[in-house]
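Order of writing sets the labels: A, B, C, D and E. Residues in every chain begin at 1.
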């Protein structure tokens, strides 16, 4: 049983000590679940932030809570730590500290497993934290791109540097590289906190309004903060039309001093009062306690899902936050309460409300009458009368559906269903409203994309080859085409207006769509059937999407991984055990396979693998890494393909790429061994200047 | 357009290799071979396409009912994927960024593979008839080589005559 | 004059006979198969004698001899030819009949010695050595088709012609022609029962 | 017409096969390669040999002058010589004019097939010098030869 | 054991019977093949037969020469000394080539040799056969023979190829009967194995005759192994041996009184 947890895996770069762990093949689904998990915006008072700064050296409550995002129910951070420690040192879990610890028994039973290996991934609840809604609204325009490929590239390069400094050519790299790729993938699909008008994944579900009861903040402060939140739409000039605070659940977070029973009681009293008078629930967090100081200090992971900007900022000045295990557990307890008792019920209530008021009427209205509807939309020049009323122009003259429009509500219903793991409902809803969006490519594209994703995530228990061919792949292609059309449209209109914004805005979503699809294809069990689709998408990314050079190489390597995974299920058992084991864990090292000559000899396995293809794309990656002077990556790639090309003199001649790369690498090693790291960095610097 | 042609043996060993270039034509066009980086990469591209070639070569034959339950030859029977008239020519089997890869199989498992370079970016089409004829004639040459008692199957073909003839076939069919 | 013209008529009839036997009274087999079989033998001998090609030559000769002594009976049975009175006629029988019947080719007879006891056969299309390319080390010493010498030696021996047979050039070695030389040493006397002389 | 005996002599003047029928009614009667026939064989060979030498002396020019048969009052001896020195001799009653074709058939279809092409059989029945010039004793005894000769000739005996 | 008659083309044609057009197409291709085959250069079958059979005594002759290792080395010394002269004297050298004993004596000697020696001779014969078989595959398939579609390229098809096409080509007849258990065991029955039909000893020495014939069967064994190897079955996994079997009563009498059964065993994995 692996020690590695989901969060541990995603943060492997920061502590590359796990070498030989396996990860499940459906890792992509977990990452996606995380990427679209409900967003909780954190509003805090300056006093509270200052208090936290003094106590923990962290700028704000938000910065603190960030570390508790991701899979809140599994407590990877504490579990991991407990595994790492000898049993007698194990702290008492702070079970007495909160008194509200229903998860305590869960905690114990769960220690044996972890997030990576749960059979049903919907059992894990993921959440993301973000800044206060006000901050969100003020930063960024609705057409901001999902990610900026320059930033992505910068991030990647930073990571590569980090890896290079922490490893050698001989490091067992398989898992590390995979983790790097998945990290890269997670950033590419969810790297912004900007609010999109077209989808609701980044729209906060809960607004956490925090008070410091220790400093005496009380009912009045709470009331003011709440009304400030509720009136945001009227007080903020640029409050987007597609957003409404009514769909966001406000919750008070009362931070108190746990050593004082008195304060605990008064906080509880405050909570009751807030509920009674403002109809808002509160949760109590024992944020301070004397014993925290003496307790075991546990270092916390960086949150997996975080915006690129934050990531880059973090990379520049890495902070390693250590908190007492007791506090961590207490925080998890509180968050678990928040999620299970407040947030999820809230979402479910909303979903069933929208379902009754919007979805059912929509269904009955157009049920079985698509032709009629199409006719309607065509005659109305793309927008029918009913839709017209839902549309509002913003001040730049762009049309948006408003928050209360049935289209957007349904979209939200689908998105929230996705968040809750109700993929079937999500699928049917996406499918339904995609017809409504026919005249609105930007809405349509996203809708089609998520329609396909919901199927692959689990709307269908079994994904057959036929479904891939006739349903899912066409959906993805249509989504990509629609995104593309949007980009063309945008650049042509912008060409007139002279704006500098162009293609990439929408293109970054297109890239995400391709990424999502390819990774989900790879998570299917019949990789023989699904890898070609994944490959096709990855190749499209390479061919059409704008990415930095290192990012592109990541894709090339992923293509290689795909080929490596392409093993006909009928011969799985025939492929040497090492390879089979690796294929289970979706490996990318093909060393073991190549060296086993039997595989080639066996007439039965002939043509049922793509190992040579895989090796070839690894080689291509190696050459490109060399161009980028990423010598560690070059070395690892060459190590991967060593076996595949061993003893085949067609490819081992002196004047061919492989030999040349090896030479170059050997030279580089001697060079860096002997002297001057500076010199090479100077080279890089001058090159940067020239560029 | 240049081509890189190779005959590969049973363990992917090169039995014969050649690069064909456009001849100096009347318009005075220069000999145009593969760019250096492709020269260095071609064998790898070819090696990679062997996966596909083998896939095409061996296909599960759904028609074969008898023997499917026999474990004697593995869990299922495999059969060669050929149609009657063009037993050996597989056509275009693979592509890689503007390169097309065609293949031809002999029954004793020798693989004739060719990378066609510099095709139109958008269409990596090859003239199947010409390429097929080329392969067939090379096959005949190969058999003649095989008939040489001093030639052992799977050994590299060193005969200069073979090389010359293959090159002239290439001129005849590929780089007219 | 008359004897000369009848001689040429005979020569012509030899040719016709050879062709007739080949066409109408011969079971045939693919020449490639023949070539392949012979090639396999030679290549095995080269391995066995560790590329000592002189030994290979000898072995091929000996093999040919053992074939020749038996093959001649078949030849005589098919053609019913009587003994030839001179080497000129023998040469024609060999080229126009024997080679035609067995290998479907007609080597050219040339280079008669002044004494008319030796001549050459120019073997242009040698089915034995079709497709053959000699390896470098064999170029100098190996007479690839040396079995033919043995066959001729054996066969001629059986009709009381004691000959030397050897190759003097071979296209496989880069020569312009493949030339096989046959030289009569003596005509063996028919045996007489003891006591009759 | 009737066949009485059949003989093969090789180029070493040895009788390598003899067959004598005693009863015309029974084709399987008589002897094969019999010791008793040794003398007869020698006499027969001597006679044919002498006659052949004589005819060769008599003739001149390129045309051959071969003996085909020798007739006596009661018998006719048919002779077929090959260039390789084999002599096939058949003794019949004197009425039959030519058995050349029969002998030729025996040579080309039976001897060539079952002796010349039989790698288990010698092609030369004199193993050394001492067995030449009529002093040899080896015979064609192989099953196939005897059988097919028998089945070829027996219909002629019964007649 | 399932029986497979290898009755020539009829099997192939039968499978296509459903489609009349295909059948005529098939016939057309057959026709083409026939024309093509007869257009190929030919030699006398007898010359081939003698060459083919002579391989066995030859192998024994080679074996004997190799056994005289000491002599051999002496020879080499001499040869080396007058290397210059060698080319000059060469013509003479081979004219005086020492002749081996007549073939029938060689055959005799093989059967009288001890087992190790015999095995070495057999191996030589098999090697020659192997080379023939190994290369003949490509030769036969290239002629676009419609029988050789290899549509179901399994072991059975390869065996049928051997029975039908290889045998026909080499011996002018097909294997009479093929049996298999579909698990890698095959029996190929040839009741009139051509090359040995002329062979016989005096009657009453049947045992000895069989012993003499034995080495001649190593050649087709080698050929079968060669064909299998060229089609991907080689080495340890393939075994082949020949035994004498009684000929079925309903067959016309043949000169050799036993049929041959080639037992091929292929163990993949």
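We take it that a contact is a pair of C-beta atoms (placed from the backbone, for glycine too) under 8 Å apart; a residue touches a chain by one contact, two chains touch by 3 or more.
Keep in mind it's a predicted model, so treat the numbers as computed, not measured.
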* Length of the shortest touching-chain route, chain B through to chain E -> 1
* Pick the pair with more C-beta contacts: B-C or C-D? -> C-D
* To do: Find the most central chain, measuring centrality by the gap between its CA centroid and the centroid of all protein CA atoms shown.
  => B
* Relative to chain D, chain with the most remote C-alpha centre -> A
* Asked: Between chain A and chain B, what's the gap in Å when you average each chain's C-alpha atoms?
  -> 45
* **Inter-centroid spacing, chain D versus chain A (mean Cα positions, whole Å)** => 105
* Structure fact -> Distance between the CA centroids of chain D and chain E (whole Å) is 37
* Please work out the Cα centroid separation of chain C and chain E, and write it as a whole number of Å. => 26
* Where does chain D touch two or more other chains at once, residue-wise? -> 117, 123-124
* Asked: So which stretches of chain C touch two or more other chains?
  -> 32, 36, 38-40, 43, 69-71, 74
* To do: Can you tell me which residues of chain E touch two or more of the remaining chains?
  => 46, 50, 54, 57, 102-103, 131, 135, 139, 232, 268-269
* In the complex with chain D, residue positions of chain E that touch it -> 46, 49-50, 53-54, 56-57, 102-105, 107-108, 198-203, 209, 212, 255
* Asked: If you look only at chain B, which of its residues touch chain E in the complex?
  -> 10, 58, 61, 63-64, 66-67, 70, 72-74, 77-80, 82, 84, 87, 106-110, 139-140, 142-143, 146-147, 149, 153
* List of chain E residues in touch with chain B within their complex -> 25, 29, 131, 134-135, 137-139, 141-142, 144, 146, 148-157, 182-184, 230-232, 268-269
* Can you list the residues on chain C that touch chain B in the complex? -> 32, 35-36, 38-40, 42-43, 46, 130-135, 138
* To do: Report the residues of chain A in contact with chain B in the complex, numbered from low to high.
  => 563, 570, 574, 600, 603-604, 606-613, 615-617, 619-620, 645, 648-651, 653, 655-658, 660
